[in-house]
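Next come two complexes built around chain A: one with chain B, the other with chain C.
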Partner chain A sequence: MFFFFLLPFSACNEEYRSVITINNYPSIFPDYKEVTIPYNIAPLNFRVKEEAERLIVKIKGKGPEHEFRFRGNKARFHQKDWEGIMKTSAGNDLEITVSVGHQDSLKVYKSFTIHVSEDKIDDYMVYRLIMPGFQNWNQMGIYLRELSSFSEETVINSRLLPGTCMNCHTFLHNDPQNMVLHLRESYGGTILYHNNVLEKLNTKAGKMFANAAFPAWHPSAKYIAFSVNRVNQVFHASGSFRAAAIDMKSDIFIYDIERNEMLTSPALSAGDNFETFPCFSADGTKLFYCSADSVQMPQKFQQARYSLCSVSFDPETGTIGSSPDTVLSAAVTGKSMSLPRVSPNGRFLMFVMADHGCFPSYNPEADLWMLDLENGNYEPLTILNSDNVESWHSWSSDGHWVVFSSRRENGLHSNPFIAYIDSNGKPHKPFLLPQEDPSFYDSFLFSYNIPELIKAPVKVRPYTIVKTARSSPAVQVSSGSGH
Partner chain B sequence: MPGKGKYLTHKYIIPVIFVAGSFLCFGLFLRYNLWFREQLQVFLLTFDHLQGYFTKPAFLASWIGDFLTQFFHPSWGAATVISITLLILWLLLHVLVKKTGGTKVPFLVPLLPVILCWAALTSLEYPVSNVISLCIAISFVLVYVSIRPATGRQLFGIVSIPHVYLTAGSSMWIFAAAFLIYELREKRIKGFKSLLLPLVIVAIAVGIPLILRLKYLLTPFQALTWLSEMKRNPGIWDFLPLAGVIISASVSMMVIWDKVAFKSNSLVSGFLQALVIGAVLAGGILKVYDRDLEKILRLDREAANGNWKKVYELSEEYELRNNIASYFTNMAMAKLGIMPDSLMMHYQPAATGLFIPVNANENYLTITLSNEVYWHLGDVNAAQHSAYLGTIFSPRAENSRLMKRLIEINIVNGQYAVAEKYVRILEKTMFHGNWAEDMRKYLYNEEECGRSEWIRAKRAVIPSTDLLKSGNEYVKTLRMLVQNNPANRMALDYLLCFHLLSRDIPSFESDFEKYYLPGMDAVLPRVYQEGLLINIASRRKTPADYSRFSFSPETVRQMAEYTRLFEESNGKGSVLIEKFGKTYWFYYHFARMKDE
Partner chain C sequence: MPGKNVKTVDGRLARNSALLSALIFFAAVFSFFAFFYNKHLHFEEETQLFLTTGDFFTAKMKLPGGLSGYLGGFLTQFYHLDLAGPFIIAVLLLGIQQLTLRILNRVNVNPAWFLLSFLPAVNGMLILCDEFYPLSGIVGILAALFAGWIYTGTDNRTKRFISGLLLIAVTYWIAGGSFLMLVGIILACEALIFFKARRRLKTRKDNQSSTLKGWQLTVLVVVAAAIPLLVRQFLVLQPLGLAYITEFYYDMRTVIPTAIPVILALPAILMALVYFLPENKVMHGSVIFAQAGILVILWYFGLKLWANFSAEQIMTYDQLVRNEKWKEVLDYAEKEPPRNNLSLAMLNLALAKTNRMGDQLFRYEQNGFNGLFLPFAKEYVAPMMGSEILFQLGLINASQEYSFESTETTPNLDKSVRAIKRLAETNLINGQYEVAGKYLKILQKTVFYRKWAGETMKLLYNEDLINSHPVYGAKRKLAPKRDFFFKIQNMEEILKLMIRENPSNNMAFQYLMSFYLLNKDLRNFMNSLPMMNTMKYIRIPVAYEEAIMYVIGLATTNPMANTDFRISNETKARMQAYADIYTTRRDAQQILGTRFGNTFWYYLHYKQIEITPAEVQREYH
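Showing the complex of A and B:
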């Protein structure tokens, strides 16, 4: 509903014949209205979705009001101006008033609020960029973005390792001192950075039918849980669903870094079941994972529903419990659970719920849910979700921020969204990772995969990874107990 | 004034002949190749787009080259751009040679690298930006040799090496070589110092790419040899123009032409030089130019314009034995409704002439073309998959042609947000902007889509039932299309011909029985008759089994004769080829599959 107030010449906007006050929020991209942001985030540059010769943005916080004037329809703040505002605004609201000048009139929109949290977000984000093409790739890379600026660096890319697929970058406690990532095809292997040593592992050991994937660090840094999957990618002949990834077979193994051994147990590698996406509890005594009864694949892939399960783990001895628990049953929810991620304080477990399967990137209905491990309650994170895919979430080191990827913009390209989670686990409205040019996402043809928050830059240089990846042979992991 | 006449010959006649020759060569013999080249990029005149070029060496050459490549879109645009670019290169070299070697240097010297560029440009993968990078490097050399004070000149030389690398990539070697040779020639520095400068030049020339590669993230080899993003693994012909410029500059600087008895302007010398130029040009073009590719790309152009009759006529004229050519021939036959009658009249490399596989082993040329058949068959999602992969494998992961196709596909599928993203990008281009603006009217506007004949037609053949399939599962795709829409004759012909070309008679018969209805044609198409007659000849079926279909008596008679000859000659193909070389029976017996 629009309310128009035609005003005569205004003293502060004297270049406009008329000033129209609109009792609606401006339509802006990215949508930063009523979001909660960390004080160490880069300028929230945006564009108005209408024609404009001039944009006037007033920001009123705790200190004096700031007025910024821009040519065209894009608001691009100077880093220093923005940092100044952020410095004085932590813990407060910012009131933003956007006025759009077009021809001889100025539209003054209803002010909106941005809450600046006192909780800092980890300084960096690591993600993979790949074109959403399915089946094959050509150019891809893992990149590091400084969140307080627009600076981006390459961790590793396919130009340095031609023909190599790179994925599943994972860090312990959001610290790049302990990092693991996978390389496949040309220079395949698992790259492990631990105790300042970078090495390449051949993780296929004992009865493992493939190399390890989807890693999760144990809080002690002594173990990494992996799932081993045989994945088949298929394509939909019609409709808006483009593709699906089918878990044809999967088991879970735990890698003992010191002993260089892969551990497992019948609970995690039962022949008839699928077990995938491991994640340790915050205290390291439990391993969460997703499990489904085996069904005929790919014919009945829509009947594969994964429950959220757990099994005990003794970090002292590396012993895996023999009797798994079902934390959240697919039979109860009627849905399929995947990607469990426990908050750093151990209280919450965020996961993805979809109609079926365990690769939610291909399920438009996939949404983020939260399970309170203290009381067993679980609910959808409605304010984080959209009518398209939400998945691949990652907690910040203090547990107050999550980043996740969402295909909400157009159903094809996934982009990183950041959301604040308060101490009670209540989520706040997420915001899209800001870019220097607010039209960046309009023409960017790559998808952001697996965004992960980290506290410091990745110290290992791309060429060091390349050198390690090319060195042959890789360290062979041996099969330990359970094989 | 004889001297003046010779001067005029050099000054005007050579460039005129050269420009005219290159203009005609590229305009007449590489028209389709160059038109296709433009489609492999999406050039936007925006600051953000420019920023993307700073991530690799030769940013200026690449940016100018890609800017100019846009003009390959209109007719004769490519020929104009290339001939002018070559002329500029020649002029720069001509000035350099004159400045460093004097007027007695044979006209062959500045012309030879240009000829090598001409030959290299006939390759699809040699971009015009490579010529621009040569021009940039020579321009730096010209400025350098114009500086008279030795210290200033040397200082400029040292500072310029990184700049030439940043702007022109490995054409930096031209500048470094010229710098080195020119300073050696000048011999102003004596003793130990005379060695120092060359060492510094070499160290900087080698060191700069190796240092900057850490920023650009290139391997040492890539950094030292960087030409453009167009070709990941450049071959010898990609470097010959660069080597040619170095040799030309060296020759003009090293030889003291005033003391050479060689009369470069004499008739004999001119003739000999012209002969060398002609030989190099002819040899180069013969080596690099792919005439069949030009023909295939012409088929592609006609297909893109919907001129299926022309595609078929050209196929008949070209008679290419190439699976991509067969791909277009088969599509044209299907579109014209003559596929099952004329299938065996043309070269058929089994089923690879029906579909182009989409996988990492194919190159961006073939993957770019691979979506066409799915689009025309009505498998919009498979076309989409192919188009995405074609984009991914394009040099900068951008492809205006496939972006257009993705807009069409996503409009047909009602995925307007995706279509809008591509529309927004193409609207900013110089030559695809109007097309994109025209597409915008369909976004989020079902009414407008309903009025569009092509959207209605595509939506009508979209399968109503979903099916999961892996990539390149052709039979599954075709069966699905026919099951969903029995009137999709192109899909039916492709399905049955796929079986026949795979020599899978049981599958052919099974799908024929299932999907080919009596009365679809007045007389059963020829290749179907020939396929079914194999069943009768092998006594798996009787004529009564096919009594509801109308066979041509002539085909039946020919089958009897083929069988007789085959048996009499103990299956000798040489006996049968003349009379039956274009029958399915001959293909069935004598075609060799790739894995056999």
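Showing the complex of A and C:
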């Protein structure tokens, strides 16, 4: 629905033959309409999905209205202008009015709102970039993005460590003071930064059938839980599904950092079961993980459904409980759970639910769900989800923000979305990580893997990681007895 | 660098010879790359992705050597045109020769030594024969020689010192590793000025010029050594070796081949060499001819060492297949029979596409499964070419996988325009329009694929247009409907499934029968023969006749007796002749190789191959 104003009309010091008021929101990318953002986020640059010679963006918040004009169809705000607006807008709404000038007409779209939260998001995000698709890669790296700007730095990349796969970067309490990441192939090993010491570990201890992966820190910083997986990647011959990753075998181990030994228990390495994706509770007395009965792989991979389980853990003695509990049964949900992540206050557990398997990146139906650990209620985070994959979520240090990967844009490339979670666990509409050029994602060939929020930059220099990674031999982790 | 202006009586001869040599050199380089080595250039062009965007330029310029890299890539995209690439290479190499000549003339003005100036250019041509040496290296060398020419032409010591500092820094940033060549020229220049002074060769220019002071030379060397370290520390994260050589000289960044330091040191070595050659003495024409002779011999042996005509053959097959020139592939095979699995697989594809696989499979030396399909490890050529086979068969996801693996194993860590194009096509066929659109948008930012991408964009989201498209629509029809896990080793089961789904899929049938014959699996071959009926064959292809005759010979009954198909008398007669030799002659293999080398029988008896075991099919639907 729209209204015409006849010529001549002077709008914003420009002559347009007609001004059309449109009672719809503008179609913009990224979609920032009605999203909730932190006040310390980089400018939300966007483009309108239509031809435009001129773009006029009015932002009205608590202070005076700001008007920005841009040539073409892209709105790119100056950092200082944006920071000025954000400074006065924390806790308030911004009303955004977009007008699109094309040829001799100006279309004035219905205003939309952006909610600016008072809660600050952690200043940095760490992620891996890799071209998604199949097996090989020739460029890969783990990068650090400052969220209040567009600045990106390298933590480590394949330029420095050629032929090395790098992933599973994990931090304790969103603090890079305790960091672990994995390297595979050329300079394989687990890189651990702890107590200001960087070392490379060989985590394949005793009878472990592979190196440890998918780490989760214990809140005391004394332990790291790992799962050990034998993963097969298979490729579909037809249809839109390209690939699947299949957990052929998996167990969970807990690494005692001080003793340099791996702890396990029959509960976490039962021969007939798959156990994977560990995560400690906020108080450190419980270990959540995903478990499935083993089925014939890969033929029956669609029948592998993982339940959300937990087992007690005594951080004083390193004792793992012997009787696991099923927190959420796959038999009940009919679905498969993976990637449990407990909120910093310990109340919520966010996880991924998919039809089968435990590597949700390959399941288009994979969605984010939230379990309230106080009352046992669980529900989908509908406003965060899409028709495609949502997975690899990470809480902020204050528990009010989550970042997650989504393949919603095209089904192949994972992009990082940030969402606000209020104190009751209610999620707000997420927004795509802003980029300086709003067309950035149109031609960016890489996926953002495992986005993690952290409070400060990674202190270890890339060359130091390289030196440690190249150091040989790595520190051998010993095989401890289960307590 | 100062020099003397000495006239020699045979100066005219030298000058004319210099001009003529330059022309000959230009023509030789152009002809070589245009008529003998052109497919290498196409291959180079296909395995890079050069975008005409500001971001692409900026990203390159942030790297040391980035301008050379950018210009090298910009010029490489013109390899797409048959004659543009050879012309560009010839011009650049001639530029190297001319700049080398000018620098050497400042050391020794005797024109009799001009042919030495061709050595860096010849060296440049030789390394370009190896596809791992990009054109950006030649651009970088040109830039360094230009800087060297400026430096050696600066008489005043202070100016030379300052210009040296600037030139080293600028050359490093725009040209990368060739700044080491400039450093070599500077050191050679200063050393020669020093020696000239010591020899008291007082000339007008010599009087104005003197070598840099010790501290100045030290500063220059320290600056040259420090710049890459500083850049590495504060601007661009990279390994130490790469910080000096930079990434635009050799595609495999983890190694520095000997040819790189040799070519970078060559101008300085030549400066030293010509310094010791007679400067005032009038030389005879025979000296020039002798140099020319040595140069030609070096060039000849250099080409023998560097030019890879086997690779050129593979690339020729590949280019013809990529452009679906099936008949030309067969014609080319008459002149250049395949020498390896890559060429053979392309030829076999052309046989299948022209419906000749059953008749002519053994006309060429076969090599089992690996000459039919192309299993690949971590390298980029086999998956790139293997993708063509899978695409033509209608195995779209597999073709996509192969293309992806190809671009992700490209040695220079770049993306391949050819793979991006195939990724766009396969996603389009699969109806993954958002992904296809992303790839097409990227291709719209190229010079030579922009138009195609624009046209293909029109197909997005338009099912009718795609279904009626002569290529994409046909591929959709061929594609397997039932899903299963693809593995190249499972091709037998995959082909059987495709034929079950589409009983008139003759290409899949040809490949399946060839698979059995090449695998010497006569039982499955015979069991599959009835499918010829549904394929509407009107006669038995020759290779099948040969296999059937062999089975008849073993079984003494004719398995085709109850069918409409008859074995030709000609094949029966040949079989008899083959059997006579096989059973009676001690030197049967030699004789049969000459007379029956192009038969299934000979392949069956004498070709040593690794039998491909049938993998367990991993269907799950």
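Some points to look at:
Basically, the second predicted complex is superposed on the first by the 469 of 483 C-alpha atoms of A that agree within 3 Å, B and C clash if a C-alpha of one lies under 4 Å from a C-alpha of the other, contacts with A are read in each partner's own complex, and residues count from 1 in each chain.
Going forward, a residue touches a chain if its C-beta (ideal position, glycine included) is under 8 Å from a C-beta of that chain, and two chains touch if they have at least 3 such contacts.
Quick caveat, the model's predicted, so the values are computed rather than measured.
Overlap between chain B and chain C is detected when the two structures are superposed via chain A.
Contacts of A:Asn410 after superposition on the shared chain: both chain B and chain C are touched. Of the two partner chains, both chain B and chain C are touched by A:Pro462.
Contacts of A:Leu160 after superposition: both chain B and chain C are touched. In the superposed model, A:Gln233 lies in contact with chain B only, and not with chain C.
Common to the chain B and chain C interfaces on chain A are residues 131, 133-139, 154, 157, 159-160, 162-163, 234-242, 298, 301, 409-413, 437, 442-443, 445, 462-463.
If you check the complex, the residues on chain A that touch chain C are 131, 133-139, 154, 157-160, 162-163, 234-242, 298-302, 409-413, 437, 442-443, 445, 462-463.
Only residues 44, 48, 214, 217-219, 222, 232, 358-360, 379-382, 384-385, 388-389, 391-393, 397-398, 413-415, 417-418, 420-421, 424-425, 462-471, 477, 480 of chain B touch chain A when the two sit together in their complex. Per the touch definition, chain C reaches chain A in the complex via residues 55, 237-239, 242, 253-254, 378, 395-398, 400-401, 404-405, 407-410, 413, 415, 430-432, 434-435, 437-438, 441-442, 445, 479-487, 494, 618, 620. Per the touch definition, chain A reaches chain B in the complex via residues 131-139, 154, 157, 159-160, 162-163, 232-244, 298, 301, 409-413, 437, 439-440, 442-443, 445, 462-463.
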